[in-house]
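Each of the next two complexes has chain A plus one more chain, namely chain B in the first and chain C in the second.
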Partner chain A sequence: MRNVLQLLVLTLLIVLVGCGRGDPTSQGGPVSMKRLTPAQYRNAVEDLFGTTIDVSGRFEPDSRRSGLNAIGTSLVAVTPSGFEQYEAMARNVAAQVTSPAHRDHLLPCKPKSTTARDDVCTESIVRSFGQQLLRRSLGDDEIRVRVRAAGATAEFHADFYTGLELALTSLLVAPDFLFRIEVAEPAPLPDRPDRLQLSDLSLAVRLSYFLWNRGPDETLLATAERGELNSHEGLAREVDRLLASEQLAGGVRAFFEDLFLFDQFTDLGKDVTHYPLYNNRMAADAREQTLRFVVEHLVTQQAGYRELFTSRQLPITRSLGPLYGVPVYSSEGWENMEFPPDHPRAGLLSHASFAMLFSHPGRSSPTLRGVFLREALLCQIIPEAPADVDFSLFAADADSVHKTARDRLEVHANEASCRTCHKLTDPIGLGLEVFDGIGKYRTSENGALIDTRGDLDGRNFADPVELGQAFAESPLIGPCLVQNLYRYAVGREHTNRERSLLRYLEARFAEAGYRLPELMREIALSEGFRTASQPPAKEET
Partner chain B sequence: MSTRIIQPKIGRRRFLRGTLGGVACAVGLPFLNLFLNANGDAVAATGAPLPRRFGTWFFGCGMNPLRWNPATVGGDWELTPELVPIAHVRDRMNILSGFSVLLNGEANQVHRTGVFGTLCGGAPKKATEVEGPSLDVLISDEIGTKTRFRSLEMAATGSSRHSNSLRDVSSVNPAEPSPLSLYLRVFGSGFADPNAAEFSPDPRLLLRKSALSIVTEDRKRLERQLGQSDRARLDQYFTSLRQLEQQLELQLQKPAPLQACSVPKPPAGGPVDTEIEHVMSNHALMAQTLALALACDQTRVFNMLFSNRASSLRMPGSSDTHHTLTHEEPRDPDLGYQPKATYFVMKSMEAWATFVETLDAIPEGDGTLLDNCLVMAHSETSEANTHSVVGLPLMIAGRAGGRMRTGLHVSGVGDSTSRVGLTMQQLMGLNVGRWGTDQNETDRPVTEILT
Partner chain C sequence: MRLLTFAIAFIPLLSACSEDSATMAPTADVIAAAEEGDVRGFVFSYWAYEIPRDDPGECPDGFNATEEEYLSEEYALVSDEVKRRYEAGDRDGALGLLPPDACKDPLVRPDPGHITLNGPATVAGIDLDGEHSTLAGGGQCAHDDFIGPNGEQGIDNQHWRLMGCVSGYRPNGLFDRLFNTNSSILENGYSTLLELQLIEGTRDAGRVSARLFTSAGPVSKDANGKVVRDMSQLVHEDPMYHSAVFEGEIKDGIFTAGPVDAKLRFKVQAIDNHYWFRDLRIRAEMLADGSMKGVLAGYWDIGNFFNFITEVYIGPIHLGRAAANNSGYMCAGVYHALPLVADGHPDPETGKCTSLSTVIQFEAVPAFVIQPQQVAQASP
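Up next, the complex of A and B:
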């Protein structure tokens, strides 16, 4: 009922301002220059050269801001060490592409002679590869300088391909390849000179990275260059095409990898004395399991987001069998499993990936788990512990007295300076204590039974399955996903002016049965997504 | 300062011991048979100037002040329990206690304020962001632009994220996460042995240079599209690009022979993680590679991280990390400290001694490599249990090419760590008289340690 009312008010608002497209007029925030993530870099190379070209090298770490690496991409630069790596990768890719093994099927033309320059062939390669890598048509001077340098090098080395390697390397280290540079221009609204909109190309790029996590394909680029993304029909047609593509799975996967902090798997390690089952393969498969699960539900089955927290289906590999205590029949690859109704596991929260990622190397951590669930899935901010906590309280806190995590954390609940935050994080984390530091099910710790009972904002649960239901039905779960997906899509914090848009998107998401592709469509077509504001006059450092 | 006095044999150790009494010994006393030129720079017997290097060495989660801080200042300070592991190298360094990051009304951001306050000269203002540049970047801008690498960052804990070196919030210099990756970066392709008889530059160097210069031609066009903060990030991109151009330039020329330089073998690849013995061994391997990287003048600035902020170090089979122990381990009533957490303090000191010895083991000029280095060891807390940033542990090793006295204990009696940062810059020849922000601003170097 509240949703309906909200919608009525919004509709009224929309009619009043005469937007006419359904969503409230919400001017977007400032545009920015965004560094490609490692996955986006790999996708760019794959789109152009296929999977046979190996991208090996180390990328600079991403920088997480307000919970998302996608926002950090608007803040990071390139350090000297990072640039060394980019250049080495660029040379490596260029050498592979021009090698005898690949040149004939990857390059669109062959030189008249392999030992001399061939400016015509070089030019056509630079033009077409450059367009894909830089996500725009190259200017004549940009092409000319590369053709000239490649020609001189080909003559010097008496090898056409050495020259071409130079030209390709220069494209792969270019700042407008490594960064997507968004450009805003005045909107065609004479009465609103402050109103900016993304250029056609910038909108195309933003769209394809949002929905596919890769650069625009030829059709999208051509549509943008014809100016057709400017019309609602043109934009909607492309959005629907992108949403219908197989590449959508990659886009959805990238969003959840970011939201779930899965880049932290890179540095994950466990103590083998405590967790003899654990190995790197298991960790990689646990990560992949959750992503497959999410994509299968949200994209393939078009199921609602809230069902992620209750679903009893789970893809599994043989390496994960011992962890979940189930037989896995296929020796290779993935098979689908369904937990019986009385099984203690159901939904995302019972996945091994979360259990191992939000734990210490040698034990589980209800607090780390609680912080993650509150911050990433409910959009609540948990303050850092005060610097000067009186830790003498923990002095008697030996394992012999306090056998379970609940006993150990009890101390926080009795201490005023700890209680405020720990009462937010610990009850839900303790609800997952039957999953140990790598996600294996257990019923006791140090010989004492584990008690998983607790409450999520007033709703009681007895075990992880009921906790999952509580999450699924939490009024925060949908709005939080909307907020995260929107911020991910535009690569920045939402502005105050975009709050009404978020409310509108929340309502639409609920109406659409929490189906993610519907929400992606709403966001991609929203005014906030395609417009921009002036950068702040005095920028923060 | 008198110049060019050649002193016949004085035992190096005996000489150093002789200076430890706290008596000023800068009067005309030559040291280590080095010459000083008019700038006070060390000069090798051949007359070629030896490079001066700066580095930081970081260990997480501090120490126990009552067991670490020496009781008296000057040269004959009595060894304290937590400084026992460095006893044999105490004459190679100064112990600085009692210097603090002054909070200036900001919240103490746990495990961040201490380290970035020390490195950047002020308490960080925002909870998530740090204003750079860090000390090493300031110094590398001055002395790091003529070597192959502007600086080298290393983390013995196996994560490239474990780095405190930053130009600003948008560019944190990632660390080499393993001995092998450090080795390959320095001595892999692109390394030219300065002492090799033959020199033939890779013909592809020109090709690489030309690829970079093509990119540079686009700079103006790109800048026009960008707002102020994005333009600053693009500037950083081009700074990094220029650094690589510089590298390629150097590789085109035959390097000058360097007596101290020898090329190591690739390190054996052991496990890379946060288990203490693995960290100890990876740290020792990295120190050896770094020492030769310095001796071969591949870089003049480095940041070695032994353990990360909020130290993840752990014992095999333990469910705790160093960090969780500092908060959760009971204080032993008889000992008066947390024994398990303190184990990692002792290990950190042991590793620091190893690091100093490794640099000191390489002869250079008439002294050692260490004599031409200045290395600041620091942590993000004093007592980690309460995240204290009062009286942070600082140890400064090397002689900065003859500019620093060693063997002393100096107490900052509550002064800002900026005084130490200012001193580091001045010792490295930077023309700076005042450094730090707000309460942490200072114009007073730590004169006690200057020659």
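Up next, the complex of A and C:
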């Protein structure tokens, strides 16, 4: 009996150690079709044609799911009106590329005659551009049909470039360009006969969009086509190459733009009666400030993620100077500054971007700020407000009694239906009340002193600096980033079978000092990232 | 005929808003930053000549005539042809018919006279010469002082003596509404910067060193058109617009400083010039919100003054005469009156005074005054 018990304990220990140390063999979830985001579309055009080609038009709106647009991209389609927009943008891009101003330096060949078809030149262009836009080599049929159509158009108009424009347009509206279509193929293991893995090309595309927010470059495509991503060594070599690239900054930016809901800056507006200092330039700079701050810390300095919440360094522009009340020496561009140790600002939570984004047009909002921080940074779900809430209880302007947001919210939070959620959101949101609706520091509201004291899950804080410290040291902060980054990388919710992988990644992230590139590497090399599950079985009717 | 009025009508009207300073409380950010180095900066958000609104003084002999009024017969002889040529687009031909332009050369005709304000008025300012002067008392550059709004004696403001009976300079007159505002500041011209550094004592009661600068360019305004406080303001690159360091004091909420000589650039619409003040002094109230409000008082060089009011251009078009006609004075009259009312800086050879006591009302909000060398040192 004792031997049996010892065996059981030993087995349990092995399992636990296995969960904590080794890369668990968690199989990934289902593959999907992911529509390019506007930024990814622009990056694709820029990668191929450079920055001189203007991409103008209206994109189909993104759909945020579970806090990330990256997940929503696999759940959206292209509507008929949206396709018209894509086509208009494609025609516009193709017209610019084939225009006399650009054709000589953008096109790899010149036709024998500009007034006639030249199938050889057209084929060369379609093959070359098609591979980069569609992120794979084109089949002969895909090339032939475009060359034929371009030739006929060139003959009809007696203009080679009009025909080529049509061929380029067709590439720019191809589903394989507008969508990242993932393909999985059987890759059984003795203990997992149903195992699927991403095709080499699909893995290459997933990898490059995860790390760069761009399509794969020629080296990665070639590696994939040689089948070298199948091996751990081949995959690791490419992952390390991508991580060492300057393009990593763009990938990290894209993730945090998504996580921080920064697409909402597009629609941000403030009531200048309350905030005369606010303008669009300031808002754009505030957004950019946070992204630069994140990239500088996590990529350039290779600092730990938790330091984002305590760092006193900040890039700043002249337009942001009055908001932060600091001197800015450069009249144009960015410069770096550092708040002194006793300054009331430190870390991400004191950035103007969050203050202005998670506020109402005419006042700050502890609740909006609290919801964002709980959901995006701690991965806690805050339910929607009940439909029958009487907002008039607290939304009114200050009166003689309820001068501060804390006063007004206390009235509201006493409502039984509101209490549960507001207990989660308001204490941390009220901790940031010294930043008004555009992020300017203040000590009073309507003549009453602002009280920023509160607690984060039992840890008391007195002000935003201490709140930032509490976030940095929260046991949830690292695991939440792991969860969000993993979901962002695979473009879907994690499955129950991936929970052990997430625990493993959390441990590795902590061991690596919460350095983001290390976590990105672990994710990119993980079984969950490169494999897939069988599609859900169809229900029998 | 108001032909020349037509010319200046191209100049868009400026708002005569005088309450332009921001009223937000100073942030802890700003206070912390300033205390660190005991340096405080300010950018002027309002600038206007002192025009005594409650008691501007009487002009028993009437107001000054314009050239169009003074030479009405000459103007009448040519008015139809001037109008025809203007309408035909022959601007130079039209101007050629007018009497010689005394705003270009004040000696083209004999002194037409200029009415000065000779009686009492209640005028804000500073006793610059430390004397309770009277004209009757005689002496070098004798003049009558004013009494201040709070009964202060010995206020020197010969600028008001000179221009107090010019209709456009009277309260709510054309000049007052068009130019005697902080229009240089708000119309994308320049502003004045003031930097204070604590030498001794505390911020509330201490001795400071001070410097005045012209800003490098326009100041930022908020959505309400007010000067943005806490903005970083670069000083003008030309050292001519940097004053020497001068001393001052903060006591009982009042900042006093000077004297110092200063050239301060001014640009609004058709005027692009600078003030040349000598022995300039500052007296301002330090307000609870961190801003200040008070007066600059000093001696305005009379040559620079005449140049300032006559060198008015839109492109190549000289508008000094138009400005005079619209404000209500004659350039030749002012030219000849200036040495008579000047009360400062007597010429050592002739004994004649060469500067005119002048008072500027100003308001200033906190700012960071940035020197060019600090820009170069800024991290990328």
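Please note the rule applied: the second predicted complex is superposed on the first by the 496 of 541 C-alpha atoms of A that agree within 3 Å, B and C clash if a C-alpha of one lies under 4 Å from a C-alpha of the other, contacts with A are read in each partner's own complex, and residues count from 1 in each chain.
Throughout what follows, a residue touches a chain if its C-beta (ideal position, glycine included) is under 8 Å from a C-beta of that chain, and two chains touch if they have at least 3 such contacts.
All figures in this text were calculated on a predicted structure; none of them were measured in a lab.
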| item | value |
| --- | --- |
| Partner chain in contact with A:Arg58 - chain B first, chain C second, else both or neither | first |
| If touched residues of chain A are counted for chain B and for chain C, the larger one | B |
| Touched partner set for A:Val183, first chain B, second chain C, both or neither | first |
| Which of chain B and chain C A:Asp342 touches, first, second, both or neither | second |
| Which superposed partner A:Arg318 touches (first chain B, second chain C, both, neither) | second |
| Touched partner set for A:His157, first chain B, second chain C, both or neither | first |
| Touching partner for A:Ala385 - first (chain B), second (chain C), both, neither | first |
| Contacts of A:Arg146 with chain B and chain C, given as first, second, both or neither | first |
| Chain A residues contacted in one complex by chain B, in the other by chain C | 272 |
| In the complex, chain B residues that touch chain A | 107-110, 113, 127-128, 131, 149-151, 153, 158-161, 167-174, 181, 185, 203, 206-208, 210-212, 214-215, 217-218, 222, 225-230, 232-234, 236-241, 243-244, 247, 273-275, 312, 314, 316-321, 324, 327-328, 330-331, 385-387 |
| List of chain A residues in touch with chain B within their complex | 30, 32-33, 58, 60-61, 63, 65, 75-84, 87, 90-91, 142, 145-146, 149, 153, 156-157, 162, 165-167, 169-170, 173-176, 178-179, 181, 183, 266-267, 269, 271-274, 360-363, 384-385, 387-389, 391-392, 394-398, 535, 539-541 |
| For the chain A and chain C complex, residues of the former touching the latter | 272, 275-279, 318-319, 321-322, 324-331, 333-336, 340, 342-345, 440-444 |
| Interface residues, chain C side, partner chain A - complex | 25, 27-30, 32-33, 36, 216, 220, 222-224, 226, 228-232, 234, 368, 370, 374-375, 377-380 |
